[in-house]
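Dropping the structure in here first, questions after.
Per-chain residue numbering starts at 1, and chain names A, B, C, D, E, F, G, H, I, J, K and L are given in the order in which the chains are listed.
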Amino acid sequence: MSVARTTEITATSPKGFEDASRKGIERATRTLRNVRSAWIKEQEVVLEGDAVDHYKVTMKVTFILDD
Amino acid sequence: MSVARTTEITATSPKGFEDASRKGIERATRTLRNVRSAWIKEQEVVLEGDAVDHYKVTMKVTFILDD
Amino acid sequence: MSVARTTEITATSPKGFEDASRKGIERATRTLRNVRSAWIKEQEVVLEGDAVDHYKVTMKVTFILDD
Amino acid sequence: MSVARTTEITATSPKGFEDASRKGIERATRTLRNVRSAWIKEQEVVLEGDAVDHYKVTMKVTFILDD
Amino acid sequence: MSVARTTEITATSPKGFEDASRKGIERATRTLRNVRSAWIKEQEVVLEGDAVDHYKVTMKVTFILDD
Amino acid sequence: MSVARTTEITATSPKGFEDASRKGIERATRTLRNVRSAWIKEQEVVLEGDAVDHYKVTMKVTFILDD
Amino acid sequence: MSVARTTEITATSPKGFEDASRKGIERATRTLRNVRSAWIKEQEVVLEGDAVDHYKVTMKVTFILDD
Amino acid sequence: MSVARTTEITATSPKGFEDASRKGIERATRTLRNVRSAWIKEQEVVLEGDAVDHYKVTMKVTFILDD
Amino acid sequence: MSVARTTEITATSPKGFEDASRKGIERATRTLRNVRSAWIKEQEVVLEGDAVDHYKVTMKVTFILDD
Amino acid sequence: MSVARTTEITATSPKGFEDASRKGIERATRTLRNVRSAWIKEQEVVLEGDAVDHYKVTMKVTFILDD
Amino acid sequence: MSVARTTEITATSPKGFEDASRKGIERATRTLRNVRSAWIKEQEVVLEGDAVDHYKVTMKVTFILDD
Amino acid sequence: MSVARTTEITATSPKGFEDASRKGIERATRTLRNVRSAWIKEQEVVLEGDAVDHYKVTMKVTFILDD
């Protein structure tokens, strides 16, 4: 029976929310092993001078701790 | 004046959240008549090995009850 | 040190949630200056006869007030 | 020791919220046995032209399951 | 500058939610002085057999403490 | 595809919650066009010397923006 | 890619919360196939004349729909 | 039609959450008459030097007021 | 193993939120023994004719019950 | 019986949260008449380099509408 | 005056929720010093075939940071 | 496009909430680089024998991850 940990990260992308979530997961899996899921907590569009600059996603990433 | 019912379903897709929501709606409309809307309650990315395996969406589906 | 205001808008699109959010932002920037962000509050798929008719997004749009 | 189930329904009435809740309960008791309670989750007034068209109540109806 | 206290009470009535809230307030003002307000926290319809038996309201009653 | 806005208003009435909501909607439709709904956010009974003085309702009023 | 449904049930036991949750799951698996999980939403101790009468658990039970 | 009051108490036990809830109910029934239920609001394990010291439960206890 | 109770009070001060919280605690400790903490639930600034009149704090005060 | 409106603003100050709330209220009363209260919704400290740059407060400001 | 940190972990056990919480705490105290408490955030029963496979607890574990 | 992480810390001060938040931020910036903000989650006054002992603030601190 393993123990998992959850950490909260925020990632951005100029393309869209799904791309931002992939970016965040990609960054998380570089440092963490056994990443199982990323629950979407917040989604925000950020503007620069009246135009969409990027999409920002806050996620709770869960990964299994080594024993 | 009709009465509507709401039920909670969870659907998945390897492509993205919107595709997962369409899958869930498609499945719901096979069994339920007069489906009016699907309110997005939760969105989660599920991984396998260090890569995205599928997108999971939990929705509250509302449909009109026959009189 | 500026003061910002937040207003709640709902926009729709037949294509998807992100397109709906862009539509809402586009409409907001026509009337409001210095729009900084749009926080996604709700997402709902609306059906017509058993098929998806449009995607509905409720957003909290924040803009900087002139001094 | 019995087991109960809860289902979410939405009912409307041109008269008021309490009448809408009675309508919803009346419809529920036509299909469900042993209905015990209806917890009021949401209340909304819906307009047509600039006048009140109907009152909409979302309720969580609890009923005892047969053994 | 006075200090106020808030206490939570639940009252019922066979007539409706507003009558139940008046009953609760009437009972509270018998024991408490300087009652200022009753914020409606929950509303539930309770059934007996398949008919409405009574309306139940949970309220947070605020009253000013004597100095 | 129209865009809607939501604003929060509070109205009162000595008679009851539904009358207070009608008062608020009546006031809103004097200044706003295309009002579609009023979602009930809060309900509070306000007292004056141990007796009910008025019923206070906070609502989120949604109206369609002109294009 | 399967679709799952979630339903809300309430079960009781004179022994404790875990026993009540097992009772609820046991009842659910009698009527539903492919039950995957039961998320604990509420826990309440109910008394009868100053003594604990039973433990009440409200759970959201998720099960996989047949295709 | 009686009126009930709800008060919030916190109790602890070295054995477990259910024992802590019984301790709290036992203490409440010593001072309050007609205690009907204890809804579990919070559960926390408290440690002392890397070992479990006690289980802490916060409950909302409801009791019927004398007329 | 002691049992604690939590009660909700609201205090005000013309100086600021922290002063209001001290006022509330000072008033609570006059009537209650063994007050352990005051958790800040709400903070509101109240105006009188376009100027700040006072700061209002709602707190949940926890105190240990005598055995 | 008047009708009030609530709008959400965010203000900042290098000094502290209370100063930020006063700044926001001062800005609001320049444009709005009959401002009654400002309910504190969010408080955030924003850094620059490793030092506090400013305090950010989000408030819901309520003002009475002219009849 | 020390500073504490809170991290979110999920642990499981075939026996029950309390055993799962002890497992999680045991694992946490292997890596973290000065663990003070574990606040229970979520409880879920996970099934395999139609039988309970394990109990899953999500906890927020708080520990004091070394100075 | 960078990725940020959020961690939850609790700090205390005998002086006040703002001082406690500065203490927490000061401690965080000793171990973490690129700290951007501290969102105030909870505020609690802790007493010792009927007098205020210290102010406790729980914050969610966000910092940018190195690439």
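The rule is short, and it goes like this: a residue touches a chain if its C-beta (ideal position, glycine included) is under 8 Å from a C-beta of that chain, and two chains touch if they have at least 3 such contacts.
Composition by chain, UniProt nomenclature: A, B, C, D, E, F, G, H, I, J, K, L = Dodecin domain-containing protein.
This one's a predicted model, so the numbers in the text were calculated from it and none came from an experiment.
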Task: Note the shortest touch-path length, in steps, from chain C to chain F.
output: 1
Task: Sharing over half of the contact pairs with C-F by residue number is what counts; pick that pair out of G-H, A-B or K-L.
output: K-L
- line: Looking at Cα centroids only, farthest away from chain K lies chain F
Message: Can you compute the centre-to-centre distance for chain D and chain F, using the mean CA position of each chain? Integer Å is fine.
response: 22
Task: Can you check how far apart chain F and chain K are, centre to centre, with Cα atoms defining each centre and the answer in Å?
output: 45
- request: Hunt down the residues of chain H that sit against at least two other chains at once, touch-wise.
  value: 7, 17
- prompt: Which of the chains touch, listed as pairs?
  reply: A-B, A-C, A-K, A-L, B-C, B-D, B-G, C-F, C-J, D-E, D-F, D-G, E-F, E-H, E-I, F-J, G-H, G-K, H-I, H-K, I-J, I-L, J-L, K-L
Task: Using the touch rule from the top, collect the residues of chain A that touch chain K in their complex.
output: 1-7, 60, 62, 65
- prompt: Hey, which residues of chain C end up touching chain F in the complex?
  reply: 7-14, 23-24, 27-28, 31, 54, 58
Of chain J, residues touching chain L in the complex: 16-17, 42-47, 50, 52, 55
- prompt: Which residues of chain K touch chain H in the complex?
  reply: 17-18, 21-22, 25, 29, 35-40, 59
